[in-house]
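Each of the two complexes below includes chain A, the first together with chain B, the second together with chain C.
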Partner chain A sequence: MNDDADYDVVIVGAGVNGALSAKRLTRAGLRVLVLEAGPDTAWTFDGYTRHVSHFYANSTKNAESAWPPAANAPQPDTADVRSGDGYFVQQGPNPFASSYTRLLGGSTLHWLGVSLRMLPEDFELRTRYGVGRDWPLGYADLEPYYRQAEREIGVSADVADQAHLGIDFPEGYDYPMRRIPPSYSDRVLAAAIDGMEVALGEEQFALQVRNYPAARNSMPRGDYQPVGAVDERTDGQALARDLGQRCAGNTACTPICPIQAKYNAGKSLAQAENRNLRVIPQAVASRILVDPVSGMVRGVEYQRYEHPGSPRHTVHTATARAYVLAAHAVENAKLLLASGLSGGSGQVGKGLMDHPALYAWGLSPTSVGAFRGPLSTAGIDDLRGGSFRASHAAFRFDIGNDGWRATTGAPDSSVASAVTGHQLFGPRLRTHLEESLPRQVRFSVAVEQLPSAANNVSIDPRYVDPLGNPRPVINYHLDDYTLAGMAAATDVYRQVFRRAGIEDRSDPEEASWMPSVSYDGSVFHYHGMGHFAGTHVMGSSAETSVVDADQRSWEHRNLFVLGSGSFPTMGTSNPTLTMAALTLRTSERLIKELAG
Partner chain B sequence: MTVNEDRTRPARSPGGSDDRTDRFLVVSVALTGFGRVELLGTGLTDTYLRAIDAVLPDGVLDELLEAVGEIPVGADHETDVESILADPKLGPVARNIILMWFCGTWTRLPDTWRTAYGVSPLDADRVVSAQAYQGGLQWVAAGAHPAGARQQGFGAWSLPPEPAAQSETRAAAQSETRAGRR
Partner chain C sequence: MNVTRLKDLLQAAVELELSTIPPYLCALYSLRPGSNDEAAAIIRSVVVEEMLHMVLAANVLTAIGGTPRLTGTDHVPRYPHELPDGVVIDLLPFCPQAVEAFLKVENPQHDHQAMDPEHPLIVGRRPEKHPAGATAVMSRPATIGAFYAEISEALEQAAKELGEPALFCGDPARQVTRQYYYASGGMPDVVTDLASAQAALDEIVDQGEGDPSSMFDADGNLAHYFRFQQLKYNRSYRRSDNAGPPSGPPIGVDFDAVYPMIANPRGADYTDPELRAASDTANRTWSDLLRQLEAGFNGRPEMLLTAVPTMFRLRDQSLVLLANPLPSDGRRHAGPTFEWDGVDGPDPEPDQMKGLQ
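Up next, the complex of A and B:
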C-alpha cells in the first residue's frame, strides 16, 4: 500500500494481537496500518538467524539473550531486576521480575509456546470462591474462539489429555496437530507419580503428569498445514518457509527457536492480505489524539526513527476509522496514560498481575535424558482448580526438559561447580558429568496472582526514554493469597520429589539470583513468567473497567485495547492463547462493523 | 584424502606450531577426559589456543604446556595434573582450559591471579564464539546437544538417552594421552 492510503484501522504493535488482527482485518478487505515500535529484524530468515547467532555468543542465556533492544524502543530485561536500574522504574516493595520484547513479532519471539485454555471456573472466581473478580464473559462464550486461536497459532495437543477440570470441547473437535511427543523425562516421572494423592484443604487430588498444548509444530491432523519459518524478503523470495514445519527438538524455545517450529507473531503477519497491509517498523506510538467533544480517537501520533542507535526521529500522525492498541499490557497502559486517557474508572494501569513462579530442582535416581527436546512438554495441572481457591492461589507445575538451565545456569554451572568446587578433572570429571547431567530435573511452579489496586503501572515525567516517552513505573507486591499458594505448592512439589525418589537440590545459594519474599517462616525466591495482565481490565460497566467484553474502550468507542491487559483475572494458564482468542473475537466484531 | 593416506600421516594440527598444538592437545586430554580425536573433532583447537594466547601474559601457557611434558605415562598421571591444578600460577589457567573445552567460554581469572601475574582487558567472562558455544563438550557429556543447535529431530526426546560411553572413552583417553606424548 502507498503512504497516502486511507486506512480503516491503525494497529499499534506487531506482536501476537496486532498480527492476528491485521491478518483477519486485511483478509476481510479492510486497509490496515501496523505501527511497530521496534525493528523488523526477524522479518527475514537471514535476519532471524542473526538473532540465533547472537544467542549462541551471549554469555547469558536468558529470555532476552537473542533479542537486544533498540534504544528508542527500550524493553525490560530480567538481568536488570537485581539492580533495579533497567527500563522499569521499580518502586516495589517486591521487584517485578518479568520482561517482554519490542520487536516485530513481540514476545512470541521468545515465549515457551504453552497454550492452555483457561478453566471455566477461572472466569467466575468472585462468584465461585469470593475472590478476585468475574469476567464479563464466560468459558462458553470464548470456546469457539479458543478453537480458532488454536488453529491460527498452530497448537499441538490431544483433546483426550486436555478435557479435564471442566474444560470441554465440542464433539468431534481435536487440536490441529497431534500432541508433541512427551519427553523421556515426562515418561519416567509419570511412571513414578501418576495417581499419587495430595490434599489441599478439605480436598484430595490425584496428580498426573499431563502433556500440555504447545504452539509448536507437530504431526498435523486432517487438512491442517503446519506453518514454517517467516521469510519476507523484498525480492519476494521466501526460501525458508518449508523449514520449521515440525519441531526438531532444539531445546531452546526460550529464547529462540532456530527453525521457527514454534509460533511467532511474524507468521500471522505474513499471512495477512498484503495488498491491504502496511507495516512501519521503528515507529513508536507516542500519543493517542482524541476529539474532546465526541471522545472519538482522531489519530495516533508516532515517532519514526531511521537508526536504532540514534534518537533522531520524525513525528507523524496516522489516521483511520478505528484504532487498535496491541502494544503489550504495560505499553498499552503507558500509552493511554501518556495521552491523558486515564478514564472515568481510574483503572488504567491498575491491577497489574503476573504469574510469580518458583523453581524446584533435583537429581532423579536414574537418567531422565535431560537437555533434550522442547524446553518443557508436560506439567502437573491438577491443582489449577478447586475450592481451596477461596483461601489461597492455585498453581501449576511445568516440568522442564532442560536440566537446571533455568535455575542454576546448567550445564555450564554444573561444569564449573565440578571443576572449581569439587576439583574434578580428566576422566573422573567426564564421568561425573555423564552421570549427573542427564539426571537433572526442574519444575517451574506458576502461582496465580489476583488483581490488587496496589499493583500498577504508572508514568512520571521524571522518567523518560531516549525519545522522551515515559518509562513504566511499577508498583508491585505479592499478597498473602499468592504467598499461601506458594507455600502449598512447595509442600506439594516436595511430596512429588519424595515419591519419585528425586533428591531435592533446590538451594537458592546455588541458583541464579532471584528476588525473595518471606511468608510464615519461609523465604520464597521467585521469578516472573512474563505473563503481564490486568492493566486495562475488561468489565461490564464503565465505572469499574477500561474496556468492555469486546475490548472496546468505554469512553472512546473507536478504540480497542487488546491483550492480557484486558484480563480481569489470570488463573494459571499462560495468557497467549486466551488473548489470541479474545483478539479473534474482537476482530470479528470490528469486521462486522467496518466492513459490513 | 583416503583413509590409508590419513593413517600414514603423523597427526597434524591446523595452524601454529604443530608441536605446541600437540602439547596443548595432550594437556587438554588429561584435563578434560576427552580423547584427542574428540577434541580435534570440535574444530576449536586453534580457536582456543588463540583465545588463550590473547588473554594470558606471554609465556604462561607455554609454561603450562612444558609442565605436561613432565607428566609420566600411566596410572599416576592424575597426581601430576593435580600438582598443576594446585599450582597458584598454572592451576587457574588449567581450570579455565577445562571450562573452555566444556562450555566454550573464557572465565575471568581470580583477582589474586590477576594481581600476581597480570591483567588483560580480554580477561572477562564471555563466550569465545558462537561456534565455541555449540562445540562445548558439556553437551556431549550430557548425552544431548547444544541448546538451539544440532537438533536431534522430531520426537528424539521421547526416546531413552543413549548410555554414556564413559568406560570405553576413559580407556581411549588414556591410550591417546600416551600416544600423544613425545
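Up next, the complex of A and C:
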C-alpha cells in the first residue's frame, strides 16, 4: 500500500489482537495501517532463525531470552523483578512478576500456547459467588467466537477432554486438530492420581490429569491445514512454510518454538490481505489525538525510529476512520493515560490482574521420563470452578514435562549439586543422574486474582523511556482472597504428591529467586504467568467501565481498546484464547460498520 | 495390460523416489553448523518433497492392490546408484559435483558432464554401480519423466481393459492420508481411481522437473531444478529470470564450510572400531526407518508417527559420523552409508508403538 494511503483503520500493536484484527479487516476490504512499537525481526524466516540462535547462545533461559528488546520499545524482564530496576517502576507492596514482548508478534512469540476457554461461571462471579465483577457478556455470547479463535490460532485438543465444568460445545464440533499426545509423565501421573477426591469447603472434587488445548500444531481434523513457519517471500521460495506443521516435541515452547509449530501472531498477520495492509515496525504510538468537541479520535501520533539502539526518531500522525489499540493491557492503559484519556469512570489502568503462581516439585517413585516433549501437555483443571470461590481463589495445576528446569534450573543445577554437594563423579555421578533426573516432577499452580483498585498501572512524568514515553508505574498486592487460594492450592498439591508417592522437594532455598508473600503463618513464593488483565475494563455502563462489550470506548466512539485489559475478571484460564475470541467479535462489528 | 507389470513399475517408482533421498541427506547433513543457511533450506525443501513423492507412488501402488516394499537387499538403494538414463548418483558431501548431479536428476535436459572417474572426489570410490530397479522393468531406457509417462499410460490402459473398479481394488484404509503423513512439502493424495492416480503421478513430475519452460510448479513454487540452479550460481531467482540463470542476490553458498565426507562410504571402510560402531548404529536406524515406513504403507499408517523420531535419530547419528575425520585419511571425514542392516523380517516390534496414542 502507498505511504499516503488513506486508511479505514489504524491498529496500534502487532500482537495477537492486532494481527487477528488486521487479518479480518483487510480481508473484508478495509485498508489497515498497523503500527508496531518494536522491530519486525521475527516476521522473516531468517530473522526468526536469528532469534532461535540468540536463545541457544543466551546463558539465561527465561521467557525473554530469545527476544531482546529495542531500547525505544523497552519491555519488562522477569530477571529484573528482584532488583526492581527494570522497565516497570514497581511500587509494591508485592512485586509484579510477569513480562511481555514488544516485537511484531507480541507475547505470542514467547507464550506456552495454553488455550483454555473460560468457564461459564467465570463470566458471572458477582452473581454466582458475590465476588469480583460480572462480565457484560456471557459464555454463550462468546462461544461462537471461541470456535473461530480456535481455528484462527490453530488449537489442538479433543472436545471429549474439554467438555467439563460447564464448558459446552455445539453438537458435532471438535477442535481443528487432535490433541497433542499426552506425555509419558502425564500417563504415569494419571494412573496414580485420576479419581482421587479432595475437599474444598463443603464440596468434594474428583481430580483428573487432563490434556489441555494447545496452540501447537498436531494432526489436523477434516480440511484444516496446520500453519507452519512464517516465510513471506514473493519469489516462489517460501521454503520454510513446510516447517512446523506438526509439533516435534522440542522442549523450548517458551521462549521460542524453534520450528514455529506453536502459534505466533506473525502467522495471522501473514494471512492478511496484503493489498490492504501496511505494517510499520519501529513505530511507537505516543499519543492519541482527540477532537475536544466530539470526543472522536482524529489521529494517532507515533515516533518512528530507524535504529533500535538510537533514540533518534521522527514524529508522524496516522489518521483513519476508526482506531484500534491492541498494544497490550499495560501499554494500552499507558497510552490512554499519556493522552489524557483517563475517562469519566476513572477505571483506566485500575484493576490490574495476573495469575500469581506457585511451584511444587518433587521426585516420583518411578521414572516419569522428565525432560521430553513440549514443556507441558496436561494439567489438573477440576479446581477451576466451584462454590468455594465465594471465599477463596480458584486455581489450576500445570504439570510439567521439564523436570525441575523452571524451578531449580535442572538438569544443569542437578549436576552441579551432585558434584559439589555430594562429591559424586565418574560412574557414580552418572548412575545418580540417570536414576534421579527422569523422576523429577514439577507442578505450577496458577491462582486466580480478583480486580482491585489498589492494583494498577499509572504514569509519572519522572519515569520515562529513551523516547520520552512514560514507563508503567505498577502498584500491586496479593489480597487475602488470592492468598487463601494459595493456601488451599498448597494443601491440594501435598495431597496429590502423597497419593502419587512423590517425595516433596519444594524448597525455595534451592530454587531460583522468586518474590514471597506471607499468609496465615505460611510463606508463598510466587512467579508471574504473564497474564496481564483488567486495565481498561469492559462493562455495561460508562460510569463503571472503560469500554463496552464490543471493546469500544464509551467516550471515544471510533476507538476500540482490545485485549485482556478489557477483562472484568479472568478466572483461571490463560487469557489469549479469550482475548482472541473477543477480538474476532469486535472485528465483526467493525466490519459491519465500516465496510457495510 | 498386465497388472503384475504395472505393480512392478510402481514398485520401481517407490524405489526410485527413495533412492534420491540419501544423496540429498548427505549433502544436507554435511553442511557445517552456522553456514549455508539458504542452501540447507533449499535441499531440505527438496528432500521433503521426495518423501512426499515416495508416499504418492506408494499410494498408487496400494490402490491397485499392491504392497510397497522398502526393506531387504532387493529394495534398499545402494550407491553409487545408476538411474535408468545412465545418470550415476553418488553419496557426496555438498560440493559443485553433487549439485550438478542433483540438477541432472531433476531435469534430464540439464547439460551434464558426467564426473571423470579419475576425479579426486570419486577416484577409487566407485567400485561398482548399482542400477535402479526401474532400469530392469522399463520397456526402454529413458528419463525419469519418460518412466512416469510409461506408468501413466500403463494405468490408463489397464483401467480401460479391466475397468476402474477392478483395477483400483486396493483397500482404501491402506492409503496414507495427511493425518499420518508429516505434512511437509505438500499433501498426499488419496488414490482410489484413475483420476486420483494420475493426479498423484502428475504431482511427482510437476514438483520435480516441472515444465522446463517455466520455473514454477502448479502451486507457484520454484521447481526443484531451479532451486538447485541457485546453489550452482550462488544467486537467488527473481520472478523475471524466465527460466534462465538466476540474477538475484547471492545466497551465501560456501562449498568450504562442509564436512569433507568420503564419497560413497561403506561400513566396511571404517576400520576404526568406534567409527564402525557408530556407522552400524546409523544403519540400524536407517533400516528401522525403512521397516517403519513399509509398515506405514501397508495398513499400519500409525507407524509413520514412530518414523518421525527415527528420522531425527538418523540425522543425529549421521552428524556424529560426518564430524569425524577418518583416522586413516587425515583429511576426509566419515559419513552415513545408508546400508541395509541385513535383518529381513516381519514388521517392526509392536512395542515400538508403546508411548504413542
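Going forward, the second predicted complex is superposed on the first by the 591 of 596 C-alpha atoms of A that agree within 3 Å, B and C clash if a C-alpha of one lies under 4 Å from a C-alpha of the other, contacts with A are read in each partner's own complex, and residues count from 1 in each chain.
Going forward, contacts are C-beta pairs under 8 Å (C-beta built on N, C-alpha and C of every residue); 3 or more make two chains touch, one makes a residue touch a chain.
From a predicted model like this one, the values you see are computed outputs, not experimental measurements.
Peer 1: Touching A:374, do we find chain B (first), chain C (second), both, or neither?
Peer 2: first
Peer 1: Determine, under the contact definition given at the top, whether A:403 touches first (chain B), second (chain C), both, or neither.
Peer 2: A:403 contacts chain B only, not chain C.
Peer 1: First (chain B), second (chain C), both or neither: which does A:248 touch?
Peer 2: In the superposition, A:248 touches chain B and chain C alike.
Peer 1: For A:237, is the partner it touches chain B (first), chain C (second), both, or none of the two (neither)?
Peer 2: After superposing on A, A:237 lies in contact with chain C but is clear of chain B.
Peer 1: Determine, under the contact definition given at the top, whether A:181 touches first (chain B), second (chain C), both, or neither.
Peer 2: So A:181 meets both chain B and chain C here.
Peer 1: According to the stated criteria, A:543 is in contact with first (chain B), second (chain C), both, or neither; which is it?
Peer 2: Neither partner.
Peer 1: In the superposed model, which partner reaches more residues of chain A, chain B or chain C?
Peer 2: After superposing on chain A, more of chain A is contacted by B.
Peer 1: Need the overlap of the two footprints on chain A, from chain B and from chain C, as residue ranges.
Peer 2: Residues 181, 184, 246, 248-249 of chain A touch both chain B and chain C.
Peer 1: Across the complex, what residues on chain C touch chain A?
Peer 2: Where chain C meets chain A, its residues are 37, 41-42, 44-45, 48, 178-180, 182-185, 215-216, 220-222, 227, 236-239, 248, 308-309, 312, 355-357.
Peer 1: Touching chain C in the complex: which residues of chain A?
Peer 2: Residues 45-46, 49, 181, 184, 219-220, 226, 234-240, 242-243, 245-246, 248-249.
Peer 1: Tell me, which parts of chain B touch chain A in their complex?
Peer 2: 30-34, 78, 81-82, 85, 94-95, 98-99, 102-103, 105, 107, 125-127, 129-131, 133-134, 136-139, 141-145, 147-149, 151-161, 164, 166, 169-170, 173-174
Peer 1: Inside the complex, what are the residues of chain A that reach chain B?
Peer 2: For this pair, the touching residues of chain A are 52-53, 55-59, 61, 181-184, 187, 218, 246-252, 256, 258-259, 367, 369-374, 377, 401-403, 405, 411-412, 414-416, 419-420, 423, 425-431, 433-435, 437-438.
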